[in-house]
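My questions will all concern the structure given below.
For reference, chains read A, B, C and D in written order, and residue numbers begin at 1 within each chain.
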Amino acid sequence: MNIDYQSCITEIYNETRSLIGQGKVANYIPALAEVNPECYGIAIATLTGEIYKIGNADIEFSIQSISKVFLFARVFKVLGDELWTRVDREPSGSAFNSLVQLESENGIPRNPFINAGALVATDCLLSFCKNPIEDILYFARNLADNQKIHYDSRIVNSERATGFRNAALVNFMKSFGNIHNDIDSILDAYFHQCGIMMNCVDLAKSFLFLVNGGINSFNDEQILTRSQTKRANALMQTCGFYDESGEFAFCVGLPGKSGVGGGIVAIIPGLLAICVWAPELNSHGNSLVGMRALELFTTKTGISIF
Amino acid sequence: MNIDYQSCITEIYNETRSLIGQGKVANYIPALAEVNPECYGIAIATLTGEIYKIGNADIEFSIQSISKVFLFARVFKVLGDELWTRVDREPSGSAFNSLVQLESENGIPRNPFINAGALVATDCLLSFCKNPIEDILYFARNLADNQKIHYDSRIVNSERATGFRNAALVNFMKSFGNIHNDIDSILDAYFHQCGIMMNCVDLAKSFLFLVNGGINSFNDEQILTRSQTKRANALMQTCGFYDESGEFAFCVGLPGKSGVGGGIVAIIPGLLAICVWAPELNSHGNSLVGMRALELFTTKTGISIF
Amino acid sequence: MNIDYQSCITEIYNETRSLIGQGKVANYIPALAEVNPECYGIAIATLTGEIYKIGNADIEFSIQSISKVFLFARVFKVLGDELWTRVDREPSGSAFNSLVQLESENGIPRNPFINAGALVATDCLLSFCKNPIEDILYFARNLADNQKIHYDSRIVNSERATGFRNAALVNFMKSFGNIHNDIDSILDAYFHQCGIMMNCVDLAKSFLFLVNGGINSFNDEQILTRSQTKRANALMQTCGFYDESGEFAFCVGLPGKSGVGGGIVAIIPGLLAICVWAPELNSHGNSLVGMRALELFTTKTGISIF
Amino acid sequence: MNIDYQSCITEIYNETRSLIGQGKVANYIPALAEVNPECYGIAIATLTGEIYKIGNADIEFSIQSISKVFLFARVFKVLGDELWTRVDREPSGSAFNSLVQLESENGIPRNPFINAGALVATDCLLSFCKNPIEDILYFARNLADNQKIHYDSRIVNSERATGFRNAALVNFMKSFGNIHNDIDSILDAYFHQCGIMMNCVDLAKSFLFLVNGGINSFNDEQILTRSQTKRANALMQTCGFYDESGEFAFCVGLPGKSGVGGGIVAIIPGLLAICVWAPELNSHGNSLVGMRALELFTTKTGISIF
């Protein structure tokens, strides 16, 4: 394929800018609400080492739930298939923080990419890792090949001050016996993950290991086996976008993960990772402009896994 | 890729035969319960025209919900995106015949591959088609390039005699205004679809249009556009296996569709379609041996969309 | 107690008339939508034989779900406690026509006063009664001591033409094995019950057997035993007002039953039955003026079972 | 009525002792699991001052959810109808600690007698009361006219150590804005209430104010108005027994409240309060022997509010 990625993202950027204003910036915490809604960036990192970018691709933002992919990879690497005794791998069919399915399924979350599942994964992390807050940060830094990636303590504190739904989830799962460590420590690690700050270039680079059969091409570390990598990608495909995962598969057709900070990362196995950031969300909590930009990306390039 | 498909399916067939006896043949109607649980067949149809097969690949069986893919393609071809005003395209997260989500979502089914969604699609078919029962049969015959494909009237009658849950679904959706035609006619057409008889070779051939960008290679008819085809495949990927769709994506990583008759069809875009038939089901209503056989197929060939 | 019931209901009538206009007449069928929203009547029938009335107490209206009490009494009289193998006796906690709880409780309706429960009771009636439509009408006539009580065929036909939710309920319960007779016959009898026409005086008189330990004082027939009568009253107390049963117990404190035609009947065991009719409904489907009138009745008379 | 209550409860006691062994003592905390399952006591306190008792009516036990009535009375006395902006008054239709309805109803609990409702009531208590733990204990002491009533710190600590479901509930409601005070303080007061120790005589006496139009006859204090008292009794009638409230109304026909410690208190307005204690529970979490004893009580005495 000979695609001029720079022209491609430039076209997309220009065609979709006019959508800014149609969504709503996440406002459950001040630190997110204050983000400039006009920010918009796109970056592509290819397996062959090129970076293409446009707009605010170098401005860092709160990656929020995109961190669930790092967390999942970190825990899956260590636990392997044992992880599936603690969390399922089915789409949730409900809002990301619903307690209903958790109740009918005895405290086993639907998948690692909804809040409940990530809380269980954090609990797993705490079981094998003395310093889980440092651990995940270093993990993300190595994946993105950028040692400056850091936590935003203001976001972490805000998450903690408003995180009652997450506290409900973890207490609820503990009542079913599916949480083993101290609740406050789990929540602290979890809220930190939400507050990791990265930019579009960092994020695109950090997902390259999923493009590359599980190998971090910046240091040649094997994060996941080839088989585990395929499975991680399948999981992103079916569960990466809350109750809009079907919509994303339908319109975009790539494995990916979104966060309420307005970031979305998607990958084309064997080829590239792309990150779009635009803070305004649609009614499902996914970046409105980002969804459209990625739909255009697969349309324009003709690349699709389907 | 130079893969010896015949050796591959022979190996898989031999390695998985021992699983027969661990599942349970569908028994809600006599005509299904009487199927020999030891039947087992695999067939591959490639885009280049080869057929590979082993075991009972030439014995016809009730395709059941696999017909939902034909129905969907038929209706999507005519209505295009208008269809999405009547049915959603998200995984259901619940059992295939659940009324719960239908209630909370005002009579709009989650996707066209659960019963409620297929009943709405049948209602759509009736709105543009005078003889829907003939129409779908001819559609399947042309896709499979086999004019002998037929309905099994005993299965159709059994489905009708026990189909109270489906009657509940269609009445329920009608109460929300999401059914436009006569209820008995819809149910009649729907129960016929369940009773289409095909064998593994037929089914693999009939899914080739989804491998081939929407074109029926047997008569060069464009069934769906290239873009619609990608979307149909994405939909099978996220919704094709009831509440085990995530599991199938995770373990197999291919778009596909299963039926309670024990058939599963999966495709590799641009390459081939594969059908496995083994009547014993797992607890989710999918062929137990079929799931394992397809998992082995992607493992052995190394082919995956992820 | 020396209460001047005539003055009491006159006061209530005058104090509550101004509420007319705040509710909404049921409009799911034309025959109900056309009722004059300004109609308002109250009637009291005492165990000692007095009748007190005011307003439109002699105008007949569609009793709708109030008929569920007649149906329940008729079936409970014949089946006794066997009835409880088919229907439970707990408040539903959901809207009157919800399918959700039915699904999680395997087709056993919560109580005989929600639609699903009355459909099961109708199924029971059909099992022991050749002419169920005549049977229930004669039963109501005898209870009210009025042989002119009749069905309104226009309402019956309208109910049938729009009764898809009820058709869904009965098909759904049949799929669980909790319906034994022909579905169309059950629905026909059920829709007839909705179309029984009675006025406030009729209804107050027809509930006197529940005031009187189970004995129809007009012909001395023992409809229910004393113990069964207490239980019927307890059931009305906890389940008579859909998901507003708690509210009615809280504000009024009497056993009773409402219908979407705007009628409410309540009883004071050992003393009297009172019927209020005002067609405008509140958001829970109960007569807005009727709820307030009965609240005033217990406040003014100081009579309460609590 | 000239009823020999002593003979009556003696008969009941003798007739029902044989049921011991058919239920299961609550075992979620050791302090409850260790209770002798053979304990069985009954006490009646009449409005005229008599006490009748049999069996272990003087042995104290953990009153558990019966304390929700004290809490409700305490808060209703202060807040009046303002309370209903924070909690509803409808039967729950679900298990006592379900989060499902809470989710669909935006954090407003169904009634004050389920855990979620009592947690909200505790939050209300904390808003007007500096020392809520002392306050409720003194309130119970005054109602029972026994200053020795106390908390069992072992039970309080056990409740705290296992109370993750309650922590989930309060965090969940806080996420909807329906909790105003510090979560740990609310839980601490709540777990204390579960650990109040009283015997059958204490409990029968402490409910006399609900028999007596709201007045504590031991010190003539007006706890609730006459109207509020009727409403409190109606609430116990419809909501006092979790998802067995309908069953209790049906079989017993009296307002009452149960606890998982095996105690049940019921009242006959204007006449008496009766408490039964037998630790073994039925599948709904209510005392198996207690339910049957109270059913016999209304049968034998012929007393019923219906």
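Operating definition for what follows: a residue touches a chain if its C-beta (ideal position, glycine included) is under 8 Å from a C-beta of that chain, and two chains touch if they have at least 3 such contacts.
Predicted, not measured: the structure shown is a model, and the values here were computed from it.
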I want to confirm something about chain B and chain C. Since they are copies of the same sequence, is their interface symmetric in residue numbering (over half shared, so same) or not (under half, so different)? same
How big is the rotation, 0 to 180°, that puts the C-alpha atoms of chain C on those of chain D, in steps of 5? 180
For the pair chain C and chain D, the C-alpha centroid-to-centroid distance in angstrom is 32
As a quick test, compute the distance in whole Å between the mean CA positions of chain B and chain C. 47
Rounded to a whole Å, what is the gap between the Cα centroids of chain A and chain C? 55
Please output the residue numbers of chain C that touch at least 2 other chains, ranges allowed. none
With touch defined as at the start, can you tell me which chain C residues reach chain B in the complex? 98-100, 103-104, 164-165, 167-169, 171-172, 174-175
What does chain A use to touch chain B in their complex? 88-94, 101, 110-111, 227, 229-231, 233-235, 237-239, 243-247, 249-251, 253, 255, 269, 299, 304-306
